[in-house]
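What follows is a group of structures, each given as structure tokens.
In the two complexes that follow, chain A is the common piece, with chain B as its partner first and chain C second.
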Partner chain A sequence: MLTEAEIKTFIDGAIHYFAVSARQPVAVGSPYLITDGTPTVHEYTGVIAISGRRNGAVCFTAPRSMLMVLLMRMNETDTSETNMKDLIGEVANTISGNARRDFGKEFVISVPTVMETEGGKFRPPVTARPFIIPLNWRSHSAKLIVCLE
Partner chain B sequence: MKSSFNWSRAQRSPTLFGAALLVFALSVLWPGFRLAGRLDDTTAALRLVSEQRRQAEVVAGALVSVRDRLESFGYVDEPLGEVRNGVAELDGLLRTLSADTSNAGTFSTSPGRAIQGAEALRADVGVLEQSWADYRKALVPISAFQGVPYADSEAAGVQLNEAGRVLAQEARKAIVAARKQGPLLAAALGKVSTALEAESTRLSSYLRLLMLAALVGAVTLGVGLVYFLIARRRQAALLADAQRQTNDILQTVKEGLLLLDGKGRIGATHSGSMLRLFKRESIAGISFEDLLKPIVPAKTLQTAMRFVEVLWSERTKENLVKSINPLQEVEVSFDTGAGQETRWLEFDFHRVKSQGKLVNLLVSVNDVTPRVRLARELAESREKAQSQVDTLLGVLHVNPQQLRSFLSDSDAAMKMVNAMLREPAREESAFRRKLDSIFRQIHSIKGEAAALGLGTVESRAHEFEDALKEARERPSLSGGDFLPLVVKLDDLFTHLGSIGDLVSRLAQLNYGPGGGSEETEEAGAPAAAARATIAAAAAPPPTPIRADDPISQTLSQLIEHVARDRGKRARLVAEGLGEVPAAYRRAVKDIAVQAVRNALVHGIEAPDFRERSGKQAIGSIKVGFRSEGPNGFRLVIEDDGAGISLRKIREAAVNRGILTSEDAARLESKQLLSLLFRSGFSTQEVTDEDAGRGVGMNVIAELVKELNGRVGVSTGEGRYTRFTIVLPSVAASALATEDVA
Partner chain C sequence: MNAVRPLKLMIVDDSNIIRRRIERSQQIERLSVVGSAANGREAIDLFDRTDPDVVTMDLTMPEMDGIECVEHLVAKKPQVLILVVSALADKATAVEAIRKGANGFLCKPFTDRQLNDALAELLQDV
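Now for the complex of A and B:
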């Protein structure tokens, strides 16, 4: 069974990114489960594959509008697709780095990959029920998807 | 690592050989060197004497020449020079020969090198000295002559002058002396020469003997050296063989072996497996700490190093220390470049002593990954099997219809909880509303699980309630506070899913091809009845097993379980529960479950207390449901227990800060009783699985409210408690629900 501490580590990674890079805290919404197995994702998704003590994936997915505002907040004028992908990868990378630090050698955490997933659904690599953690920032909402078994 | 090689012997041989060489040098070569020196001195002396043997004759000839030339007024400087030279040479010889004659008769030709045995020459040298002294006296006036011996005048021509005449006279005297002393001197020189020759011969003999001894010694040493070299070579071969065997063992053994010194450094020799086990190219010379640092957590490393430190303390018993070995089975992690590889290593430590002193620690390392993985897999499958057995035993006794209904209701309730969680909320009040709603759903699941005796579900729901209570007590709420709830919801989903899977599999066994469906409950065997129960839960049975309606069955079981747990006795008197319309069945069941549980926990007294109070030992809980025509339905739950203590409600309201003691004292009984339906209100101080959170009554109130009904409570202290729930007709309720929507 996935523990609260394990999920919290990933949430903390995202909180840390917004606090440091965007200099504006993100509010964690009430988490819930996906019972049909395929969570919906926003336009951009950064995926971290995890193996070792747990297997599965952790995703950070955010809408284009949120990433655009985030880029502007970071004084970045280039809001091209490439920059959006870089940004989502950076958030995923921070989450992954935080997990590496907290979990140590028990978890094997991959380098994040970025997907452009407009209106799509994320198919988790394992059958575990995905946890969705809404992340509300300004008027936008992103999601952290934790699907580990 | 045992060796047949004699190390002490190997170390002793070069020492012995070196000592023998030293003894040889001191006993043969050094005397030889001394003897050769003496021989050299003697030879030199002999040569000197030989050279001077004819010196007396030369001097005599020179004297004759002086005399003759003086008589013929010839040139005399030349013979005079010969006389002077002869005197000087013989003086020198005598000085040499007699230099140390005062020193106990020794004879020496050079300082510090006395000729042994020269005492025999002493007399001869004395004679020689005497002869020379006499002879020399005659020669001194001649050798001392300076000037011209002639005088030239016109009158007389060349004549001897006075000095010349004296010189001529002395020359004649000297010639006489030479005739007398010359042979004596020559004879003395001859004797000395003979003695020196004898000495030289003697020394040569000694030297030859010494050389012979040296030769023998050298041959002996040579033989010894050859023997030593052969032995050394043999020993080296043995050593190489032992080394090869050790290397073969170290390279072949799968166990990692290394030696640690007092400073924690790893020795140069270790088994080849060490490099494979630790995925390193070299480990020699690094510290044990450096070896472990990259592969174990900092805390484990710290504990391990303290343990090694304790091992070095000889006062502690090795076996005792080994029992607390923190590296007995340690998880290690290697960075392979492509990720982390986790393995398990087993370390064992042995003290290595030499002459009773602890000199090293022998560390053996084994890769026990397959064993650990297998053990874990076994434990997991055992746990899973045990869990399945527990679940199986838990569901075997449950009525199939009730179980099916419970699984379906619980699934719906959990999905409802998930939907509530999913509902967007950013404000505190919204979060608190979520918590209350979730509480009611979980409490319903828990109530029914308890009624059915599904302990594993009940305990999970109870833990869920604990988490909910903790969240409720937080001064402020955010989305993150719901994380523990989602984790518990996931667990509950999984658990109920596994019950569903188990029930389905057992149903297939019962109804599937060759599943042995011949047995029926009529056979009376408990196992057959159990299978029938489970099969019925998974799929509708051909006929109901019991005539009772599911709500009555649920309530009967609830009373049975809770009464047993609390040491009470009670019976259900059900009426009309089979007539509950389908639309109200879930709600009526939930309301009845909560009310009956409350009746058992708070109302029905212990049997002995009841008897002392003049009541029957077995309490009675009546649950009646009846239709009231167009006015809807009436559900009455009544127990003959202790009733509700208004005093306790007042105390609880004051203790929980809901009312001040003055307000509580002022409230009437009706107002006080209404507090029971308030969320989180309970008169029980301690929370347990059956009561104490103040949720049950709130669930009743909320359910009745959702159905647009009314709830009333009446009580007589020490006599009864009665809940009356009035529900509208189904059509009216549906209409009201649509209006609300």
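Now for the complex of A and C:
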């Protein structure tokens, strides 16, 4: 289970990512716990496996339309499928890596795995219930899924 | 007056977006990009072929991570200047990278200005 301070670490990471990379603020909705079933995800999901002192995963899931605009905001002219997958993994990687400022070096993060997950569900790799942090940027919705034991 | 020596830059990151971003954003006139690599093993191969003076190095990468790659590159060319560009924001990781031979650390996400300031600081005595 995550503490309030731990959830705030990930919220701060998402806010910082959009402020710096997109140069536009992201609005964060109220985080909630999935108590039954598995979280629904958008078209692309970047997954970072967590090991060390904690076990689980940190995922960033977003629709294609959001990734397209985000790439353009980063002055990236190549908006290919390959680069969208690269971006979703990089966002998940950056927010997870930044969390080590609070969690420390024993919060070991994997390289990103990217899933195409349109209309799908994300099955967490651990039994801990996932926390959802809703993110709204411009007219797009995305989610940060944090599932840690 | 001392002539400013041109320097070769190699970019190492498993993200194509970040590799392209660094190449596009770096505005140090004396730096020219000689190539980019997506992991530590590719970086060592590219290093042998291009002999760069400056390297930007990601840490979390497949095949061979950035810390191990830093050690290899410094062993090959002790005077190489390495700027670690990583999302890993804990102090212990930055200290370890510097201990292994890196010369600077820039945390992701970064602005163009932060990148150029970090590169300029790296090159101030060269």
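The definition used in the following text is that the second predicted complex is superposed on the first by the 146 of 149 C-alpha atoms of A that agree within 3 Å, B and C clash if a C-alpha of one lies under 4 Å from a C-alpha of the other, contacts with A are read in each partner's own complex, and residues count from 1 in each chain.
Methods note: a contact is a pair of C-beta atoms (placed from the backbone, for glycine too) under 8 Å apart; a residue touches a chain by one contact, two chains touch by 3 or more.
Note that the structure is a prediction, hence the values are computed from the model and not measured.
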item: When chain B and chain C are modelled together on chain A, clash or fit; value: fit
item: Partner chain(s) touched by A:N75 [first = chain B, second = chain C, both, neither]; value: second
item: Contacts of A:T127 with chain B and chain C, given as first, second, both or neither; value: neither
item: Which superposed partner A:E90 touches (first chain B, second chain C, both, neither); value: second
item: First (chain B), second (chain C), both or neither touched by A:S21; value: second
item: Included angle at chain A between vectors to chain C and chain B, based on C-alpha centres and rounded to the nearest 10 degrees; value: 60
item: First (chain B), second (chain C), both or neither touched by A:P31; value: first
item: Touching partner for A:S139 - first (chain B), second (chain C), both, neither; value: neither
item: Smallest separation in angstrom, by C-alpha atoms, between chain B and chain C in the superposition; value: 6
item: Residues of chain A that lie at the interface with chain B and also at the interface with chain C; value: 104-105, 107, 110
item: Complex contacts: residues of chain A adjacent to chain C; value: 16-17, 20-21, 71, 74-76, 78, 82-83, 86-87, 89-90, 93-101, 103-105, 107, 109-111
item: Chain A-touching residues of chain B, taken from the complex the two chains share; value: 295, 297, 331, 333, 339-340, 342, 415, 418, 421-426, 431, 434, 478-480, 482-484, 486-487, 489-491, 493-494
item: Chain A - residues contacting chain B, complex; value: 1-4, 7-8, 11, 27-33, 35, 51-53, 104-108, 110, 129, 131-134, 136
item: Partner chain A, residues of chain C touching it in the complex; value: 14-18, 20-21, 24, 60-62, 86-90, 92-93, 107-111
